[in-house]
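You will see chain A twice below: alongside chain B first, and alongside chain C after that.
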Partner chain A sequence: MEPAEAEFLAEQELVTIVPSFSMDRVHLIGGDLGPFNPGLPVEVPVWLAINLKQRQKCRLVPPEWMDVEKLEEMRDQERKEDTFTPMPSPYYMELTKLLLNYASDNIPKADEIRTLVKDTWDTRMAKLRLSADSFVRQQEAHAKLDNLTLMEINTIGTFLTQALDHMYKLRTNLQPAHSSQSQDF
Partner chain B sequence: MFVSDCRRDFYERIVSQRVLLLVASDVDALCACKILQALFQCDHVQYTLVPVSGWQELETAFLEHKDQFKYFVLINCGANVDLLEILQPEEDTFFFVCDSHRPINVVNVYNETQIKLLVKPDDDLDVPAYDDIFRDEEEEEEESEAESDGSEPSDKRRRFEEEVIERTMKRRQRREWEARRREILFDYEQYEYHGTSSAMVMFDLAWMMSKDLNDMLWWAIVGLTDQWVQDKITQMKYVTDIGILQRHVSRHNHRNEDEENSLSIDCMRIAFEYDLRLALYQHWSLYESLCNTSYTSANLKLWSVQGQKRLQEFLADMGLPLKQVKQKFNSMDISLKENLKEMIEESASKFGMKDLRVQTFSIHFGFKNKFLASDIVYATASLMESIEKEGPETTNFIKALDSLSRGNLDKLHQGLDLAKKQLRAIQQTVASCICTNLVISQGPFLYCSLMEGTPDVRLFSKPVSLCLLSKYLLKSFVCSTKNKRCKLLPLIMAAPMDVEQGTVIMVGIPPETESSDKKNFFGRAFEKAAESTNSRTLHNHFDMSIIELKTEDRSKFLDALISLLS
Partner chain C sequence: MSEAYFPVGPGLGPEENFLSLDDILMSQEKLPGRAESSLPRLAFALGQGAAGGSGDSIPEGSKLEIPMWLAKGLHDSKRRIISVELPKIYKEAWRTVFSADANVVDLHKMGPYYYSFGSQLLNFDNPENPEIAQTILQTFISRFRRIMDSSQNAYNEDTSMLVARLDELERALFRAGQKGLNDFQCWEKGQASQITVSSLVQNYGKRKFTDMDG
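The block that comes next holds the complex of A and B.
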């Protein structure tokens, strides 16, 4: 899976906007949208929110977890634990990027938020690399990791599977030396 | 007809239609076009953009597209001529004209159906009253009816005499009315000048629809600054318009002072500055900027050796070491940069330059990017008139249009480099013209002609660059000459335009005085002189004071002008 695909899936998440136009309920295949009334907050998928924001028809309300203190707590907790802590949203990285790129004027202290989320991401990637390293080194058969998000799995997925493939090939190449006996004439 | 409610009578009518945008080639028009494009993109309006640089291109574009479009928006072109006569449109085509050229042609003002002017009517227009210029045709029929009325033979002679007297009275009235009409029209159309910038009008429209953004405000600021840089509006009008924009700026940018909720550094901020008038000084070295800005160069007389000495004195007076001043502005010592503006202002008033600081705005986004409005104007103007021929004719226009978006910083930097070259070329040409006494007084005006082999003369074959050169030349000439009468004369400047076709481009600018109202009479003067001498001239530009003519006809044209104006 490409990162772009993960972002596409992230755009389905709901976010609150305050529209500046009015429209009746819209029925789409994936679900219903609206009705939109100026000044009244409404929940829409991120793809629509970004489009409306670009056309200046709405104002984005940052999600609850996108707050400096909460993110600081999250980051500190991530650093303390050895395993992965649960994240506020399964798409926290994609949402941060999308919202901060297109609507940073609606999000207070956007720069700090960006730094905090990046710090958390770096910590989790470091833990992931450590875990993958020990997995390969100790030739484990299976492992279980909780609380990983799709983007993180995606980042390490290809590398890990290819590395394990190589390890398998190297291991099986050693086997014939054991199994084949030298023949006595 | 003037549009009173821009939103209802203009925007709502075109929002569901396909529109053709005809945009003139100057920075103000580019900014207005950008604002309108942003509005169109928000509302998914289908439009086609056609850049035009003269009347001929306007006509060609109109003929090409008249079958497909019913709604035309003209930006910075078309207000000062009779549009219906030139374009001969169908009955159901509509023109929306947003133009800063004045005076507005009376036919455009009084046409009720097809031509809508996006101009605020209180913009000191002085349009003559309808009855003074147009006479109803019914009155003529009444006259002829009265004449052909039969009458009884007994009173016939008396009535006949009465009729004759009536007729002669009417004819005399009519002749008087026509003479007065000619006079009124002559007074009205004699002087050309400029009104509110089109970019500001477009921003007003966006504001009325509550769709205004900081980006659009910045483009409005650049449009106004373009009018100021090119000396098209009076100082008072500039200050008034800056006041209007200042209110919008504080409305959009008040959050910068609030520490709690400060914006991300990537967001664009506009700030009001009372900054130095030196061209491009933050992207150049202070020394270069002092040498190449017309204000400082003219007042310090930098074309002479004495002038250079005065410049050194000026720098020494401020305590700025030469080494610091000659390196890039960003690398100057911070201690020197801190109080630079106040220091320069103090020293400048000792040297006779009282207006070195001017009210303007600056834009700030990211950590590295800070630009003054005048920087953007110079950069965009030089991109638009760059003489390097790459690709079809409209690439320069499109490049300049793109450079106004914040995402295209590389084009902006390219423009800044070209602007530096242009300013240097202007200063060198001005210096050589003054030193070799190329500016001669012809009686009612000053005249200067650039020879074929002058360095960078190709840069001045474009109208905006040539206008800039002429204004700088006039300023410097006024400072250099001792002849009091010559200081009050206007200037005509000629430069070779196309060597193969043997054409010359000629520009006339009004005289340089403290409180000039920037009204230019050369438009009509050129027309009359061309008629009387049958010179092969081309009055192609939207500014009537810029014409092209054949090199051979130049001398008789000038003679005709001299006799006309003296």
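The block that comes next holds the complex of A and C.
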């Protein structure tokens, strides 16, 4: 899976906007989009929020986790723990990129937020690599990692599965050779 | 799923993958061996041309360098035709080097197909086979960390220094890691939504309209 596909899946997440137009309830196949009244906050999927913002028809309200103190706390906790801490959203990386690219004027301290999220990402990737290395070194049969997000899995996925494939094949070499299948008539 | 071409990887077990280019190139690597019985009229094929005074038969017991595909074909358990020896990097001395620290070895120089060739060697009955298999596995495991770190952290740099000491299997892994990294960085910069020319079509070159008529 590519990062663009993960971003597509992330766009389904809900975010709050304050529209500047009015419209009745819209019925779409995926669900309803509630009535829009100017000045009243309403929850919509990110894809619609970005679209409306680009047409200058709304103002985005940053999600409550996208706040400098909360992100600092999250980053420090991530650095302290050896395992992965739960992330405020399973798509935190994609949402950060989308919201900060298209709506940075609605989000206070956008640059600091970007840096904090990047720091957390780097810490998590380092932990992931450490875990992959110990997995390979001890030749475990399976591992369980909680609280990983799709983007992180994608970035390391191809490499890790190929390496584990090779390791598996080399490991079956250790078994005593199968009896040769010759046919003697 | 955006790839247009999925190459067949090397079969790392006792059998090669017929369609794998890596395996085909690997089986051309040479093994030292000896002729167990006299081989008439094969002197020219096995490179003994000028030496044999009696013309073109290979005397019994003479040393040969045979490619792996030929060695596998001529080898049988009664060992009438040829016998093979292990190349030196799979022998005891080098095995201790690998177990001491596998990261310092230049696997590209030692035969760019260390892992596949080693797996094929296990086909020949040899009392040292379990140790060889174990050494190959342990070498892979110890070098894994370095490949992972270097491939996931080298963005937009010249990577020739990093891959110089890797064998072909490790280079393929390195490229996979680089691709993961590049895809992520490219997405983060926003280039993922730009339409680019497909790699398959890029080399076609532009043909002038008049060429198509002629």
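Note that in this section the second predicted complex is superposed on the first by the 172 of 185 C-alpha atoms of A that agree within 3 Å, B and C clash if a C-alpha of one lies under 4 Å from a C-alpha of the other, contacts with A are read in each partner's own complex, and residues count from 1 in each chain.
Note that contacts are C-beta pairs under 8 Å (C-beta built on N, C-alpha and C of every residue); 3 or more make two chains touch, one makes a residue touch a chain.
Computed from a prediction, not measured in an experiment: that's the story for all the values here.
Visitor: Using the overlay on chain A, decide if chain B and chain C clash or can fit next to each other.
Guide: fit
Visitor: Which holds for A:G157: it touches chain B only (first), chain C only (second), both, or neither?
Guide: second
Visitor: Identify the partner contact of A:H142: answer first if only chain B is touched, second if only chain C is, both if each is, neither if none is.
Guide: neither
Visitor: Quick one: name whichever of chain B and chain C touches more residues of chain A.
Guide: Here the partner covering more residues of chain A is C.
Visitor: Contacts for A:K57 in the overlay, against chain B (first) and chain C (second): which applies, first, second, both or neither?
Guide: first
Visitor: Kindly classify A:L100 by the partners it touches after superposition: chain B alone (first), chain C alone (second), both, or neither?
Guide: Once the two structures are laid over each other on A, A:L100 reaches chain B alone.
Visitor: Per the contact definition in the header, classify A:P108: touching chain B only (first), chain C only (second), both, or neither.
Guide: First partner only.
Visitor: Under the stated touch criterion, which partner chain does A:K80 make contact with: chain B (first), chain C (second), both, or neither?
Guide: neither
Visitor: With both complexes overlaid on chain A, what's the closest CA-to-CA approach of chain B to chain C, in Å?
Guide: The answer is 12 Å, the least C-alpha separation in the overlay.
Visitor: Which positions of chain B touch chain A when the two form their complex?
Guide: 41-43, 210-211, 213, 260-267
Visitor: Please name which positions on chain C make contact with chain A in the complex.
Guide: Residues 1-2, 9, 11-14, 77, 115, 119, 122-123, 129-130, 133-134, 136-137, 140-141, 144-145, 147-149, 151-152, 169, 172-173, 176-177, 179-181, 183-184, 186-188, 190, 192-193 of chain C touch chain A in their complex.
Visitor: Quick one: in the complex, what on chain A touches chain B?
Guide: 20, 55-57, 100, 104-105, 107-111, 114
Visitor: Which positions of chain A touch chain C when the two form their complex?
Guide: 1-4, 7, 97, 101, 125, 129, 132-133, 136-137, 139, 151, 154-159, 162-163, 165-167, 169-174, 177-178, 180
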